[in-house]
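The first chain written gets the first letter, and so on, giving A, B, C, D, E and F; residue counts start at 1 in each chain.
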């Protein structure tokens, strides 16, 4: 956030990539793309390319981490070395560890883990190409992959970010906006209950601006949710036609 | 599961029962902090430091500095790095070893509060553009752990930064004995953390309350703006709840800022 | 032993029974590849990339570049570094953590095929002799694993290198948005891997076939020469067998090269 | 030891910080300063600030390290990143590992570990501010923390260093003396038996000088021991008065 | 392989070190040189100095890696820090891991591991001085150490490399030939069955050249095998004479 | 507990019984070393090396050198770094992995003996003040372990340093084939290690004696001075005992020095 520059990010009410303030980037979602994983999802979101895979419920290893009341949900957000301009060294860095932690917590709210005590569910998300907003793209894809794996879920998790650029609250920051903008608010919302299960913010927002950003993100999440549902339907149709 | 973990689980259940009746173990109000004590410059040999007690939670923040090359995209700006160590001395729940997710999250949320408030004027930390800048290293050392590390650590962090001095730099060498002024720190971002236990929202959770909570929200504010937020835990908040907590964070933030 | 490992062991036994009758699970001929699909430039933001499907096995190769100092003994040559990650998304058999021997072997065998074929003209990657050269970093990312990572990964690798471009380098800075031409790649080395199951030699083993095999031979060829070989597994080959497989590798290599 | 310099470390029989050759730096000891630890001690020794905490006896983990005849004593000497001029990277370095090893061995002599088979006792010492002599300060504090934890002990461990500067044997080197001096002899002594349980030396000493240094350190340890005892008494008084 | 140079590696049919194309470097093998290891071997091969030690069969640890049908064979190829010009950092690098893997696989073919289910056999090879061809020297020594340990073996593993320099196929490349040559083919062969249990190749070879290189290496392995046998005989004689 | 560890424990008990009667397993006198054999220059390609056998204990020391920047506080002095590896080939008690406390202690005690005796003239290892100095890297490689690694390793270390040569350095490059003289080594510090078993003090403990001992004292001496000491083990020494052992160390040191 907040790198200085003379770049004007909004001109004549349009953003540099031509979007209106409350417009999402293009999103494509496909469920069931991997053969080994129990559930999977490939998602493109603007320039982001994200692959999610789910294994489980399965035996919890190492055993001493298992929980007698519910399944343990592990989430691994991982950037491929070639996903960013400067090669990302393999292995978890501090940023990945934090994103994995809060994303797991978001999913724990919806997956009926108590149905599978002593087991674990592994959610792996590979960021193949990164262009701002990967954590929301990853979590949105992971939610579809969990549903594709047939895991019982209370609701779908849909993640969208809003932010502030050139003093204006906008939806779904792209890379330039993320670098030179003034605030970013990644959120994840449950469609049926309206609950917020992931929320971060950094930058500079007044209470009013936060309200505007949060409302905008929640509104947009409905569109993303439709794409999540459609992806799962397409998958079942395909299966049916085979 | 260790004895300590079992005991903590029991305490967490008790916290939930109390909360359902609108009560807290230590009889605090829902929007009340435990006693806070800030001791700036606790480690006088360090460039900046502070020791904070928040109830039984005790944290030391220390500031070190070194000269390094700037990032290519900000060639005229100093840098900040924040680390947190959950020393095993602080709790039977901590173990030695590389920082676990919770310690990483703590360091990153404290870092974000400091960084995004733009309290440090990084441009003043430039020595030679593109070549040499001051690297500020902020380290959080938890020595006694009874919950709410976010608020105690961020208080210690900003307090340490406020009393930090920059050593002299001459002919490519750092002269630690002499100073070339104070670290340019202009604002006092503070973090307020709320736990949601069932339907109850409570400020400044103890370890037992953190164990019993469903979710957690940390809001970092300066006088006028929110500069960072972090939700944690497997529970959720409604947007109304979040906005209410932001409101509270602004109010409580003022009180915290007076301790600095 | 996990459920997956037990299941795989059973499949391996079945492969051996079939092979003894001259058959394969998926009815392929012994010298037949599974369907292969190569999608070059799959990661358009990367300098070079390719996505390869070999049956159910799926691998992405990506090329990154940086400027570094050359090795003292080759001061006017760029460098190549090849890494392979068996992401746990690819198989219940993979775990997170540092690269295991199999991933290291894969990276090194793919690297050897590329390097020894001299397909990359490293001299053209020199910027300033003794000081600055391009370092090519080739990363293999396995995302679905059903055997024969050698052939799928080396195909992805050479395909990614063939579409890789060199960013502009000016005044000591990399300008990624502009290009200063394509990576100088002149040949198309390809690798063919054969499994020996009992006495039967079969091309392109699946995961089950790898489980059931005694030994494995990988032969990397260019149009005219062998450029790398690697035997694996606790079984053995006679010299006649090796020479027969080299012969086949030249033939199959031609077909693979057409996919690039 | 032994960095070259023109600094004269002793002038007119006084050291740079005004001390006489056989004089200790100021020492303050407080027992029972932490809430979670079973026993604890905060100690200031010249510019050193040291915090010791003890947990145990408790279940020995991992189990295969447990001993059927006695408790295992673990000692972790750890420098806080801000304790030294150049930030100390977190995690054990080789020096810390060595100090931890010999300090554990020193304490094994006094704690009645055989009373608690199959368990372990964890001793953690955090160096918050370092200024020469941290290993002695740490071990002295650890001994108080063990007593504060109520662990049965044969004797108290008291550690003091002597050394040589400008050809003179002196007590308790400070930072400049440690850098530019000629020898350092950290020792730990049991008051009742006179046993030496920790002994290191580096630099250059004749046999005679060693005798002088060792005698001086043993003599001074008596004063430190009095402060250790007083700290424990104060703690009990405080408890009593609550 | 293939570093450029103007050096002429073959002159008048002789190599720089005076050898003929199909001539091995000097090889010395001694069995039973260590006291602790169950079997051991010290081998000098040109400028290579290699020490192999074998422990086992012994309890397999960690237990979950044990195999109910056979012993697990572990192989650790390790370069001493001083074995190469630029100090080798201790610990396994990627090259060592690969060599260890394929060497273990070669030995699995000959050791009757199925006689010792649930156990493990550890083979350690220390490269004390390295001068091209260490993996063959190491494997040849390891095979002698296994025999010296009394482990039942189907056959002896003998490893020799051939290669190509200045367009000529030659045996057993030395350091300059390895750096500036055109191909290297390390092989390991069983003497009685002729089976190839280790085979790698890098560089540039036609099919014909490969045939020539492989034949040359197999032929030379017979001489090395005689030295392996002699070393074991000498060991038994020595023992007898004690 | 492994079979080897149990066996060792039994041997340790036996050592204690013998010691109580004034005896040692191998019939040595209490102040007697096992046979010592020093083979300098054992690794001729290395800059310096030595192979030492002390009874069944076998250690190789090797010297490597590189050019690096000096420490800021000693800009005109070369540096020394000492490492020790307990290769698992040396004993069933050693495992692979990062150096354990015992290996670290060994390296540091050997390093201290060398460093504090000032036997290496580090000022002569300066190439360009503040910029380039020789870094001496001394590596101890234990290949057979039967106790008393301190004395055997320090002997190997000083022997290797005594035969070490400095390569030529020209135009910023190391020319290993040529030499610019010997490493400037002036003294022969040696270490003598004594075990205390019950009340008995014995020189040069074997592995079984180390197992049975209560405490250990290592004394490093040059001709005239003590340059390093290290006590180990959970037992203790009286001051009289320590002074007696220092006396012995001076006497035994003379004999050791003759082997160099």
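Keep this in mind: a residue touches a chain if its C-beta (ideal position, glycine included) is under 8 Å from a C-beta of that chain, and two chains touch if they have at least 3 such contacts.
It should be emphasised that the depicted structure is a prediction, and the values quoted were computed from it without experimental measurement.
**Q** Please report the minimal path length, in steps, between subunit C and subunit D on the chain touch graph.
**A** Minimal hop count between subunit C and subunit D: 3.
**Q** Looking at the contacts, which chains touch subunit A and subunit E alike?
**A** C
**Q** Out of C-E, D-F or E-F, which pair touches the same way A-C does, with over half the contact pairs the same?
**A** Residue-number overlap above half with A-C among C-E, D-F or E-F: E-F.
**Q** Can you give the whole-Å distance between the Cα centres of subunit A and subunit B?
**A** About 26 Å separates the centre of subunit A from that of subunit B.
**Q** Using Cα averages as centroids, what's the distance between subunit C and subunit F in whole Å?
**A** 47
**Q** Which residues belonging to subunit B are in contact with no fewer than two other chains?
**A** 99
**Q** Which residues of subunit D are in contact with two or more other chains?
**A** Within subunit D, no residue contacts more than one other chain.
**Q** Given which chains touch which, is the overall layout a line, a ring, a star, complete, or other?
**A** Basically the chains close up into a ring.
**Q** Going round the ring from subunit E toward subunit F, what is the chain order?
**A** With subunit E as the starting chain and subunit F following, the sequence is E, F, D, B, A, C.
**Q** Any idea which subunit D residues touch subunit F in the complex?
**A** Checking each residue of subunit D against subunit F gives 1-3, 94-95, 97-98, 100-102, 105, 108-109, 185, 190, 193-207, 210-211, 214-215, 218.
**Q** Which of the residues in subunit C end up touching subunit A in this complex?
**A** By the definition above, subunit C touches subunit A via 2-3, 42-46, 49, 56, 58, 60, 62-64, 66, 83, 85, 87-92, 96, 98-99, 137, 139, 141, 143-146, 176.
**Q** Where on subunit A does subunit C make contact in their complex?
**A** Against subunit C, subunit A makes touches at 34-37, 40, 47, 49, 51-53, 55, 58-59, 61, 76, 78, 80-83, 85-87, 90-92, 122, 124-126, 128-131.
**Q** Mind pulling up the subunit C residues that touch subunit E in the complex?
**A** It is residues 1, 73-74, 99, 101-102, 104-105, 107-108, 112, 115-118, 217, 224-239, 242-243, 246-247, 250 of subunit C that touch subunit E.
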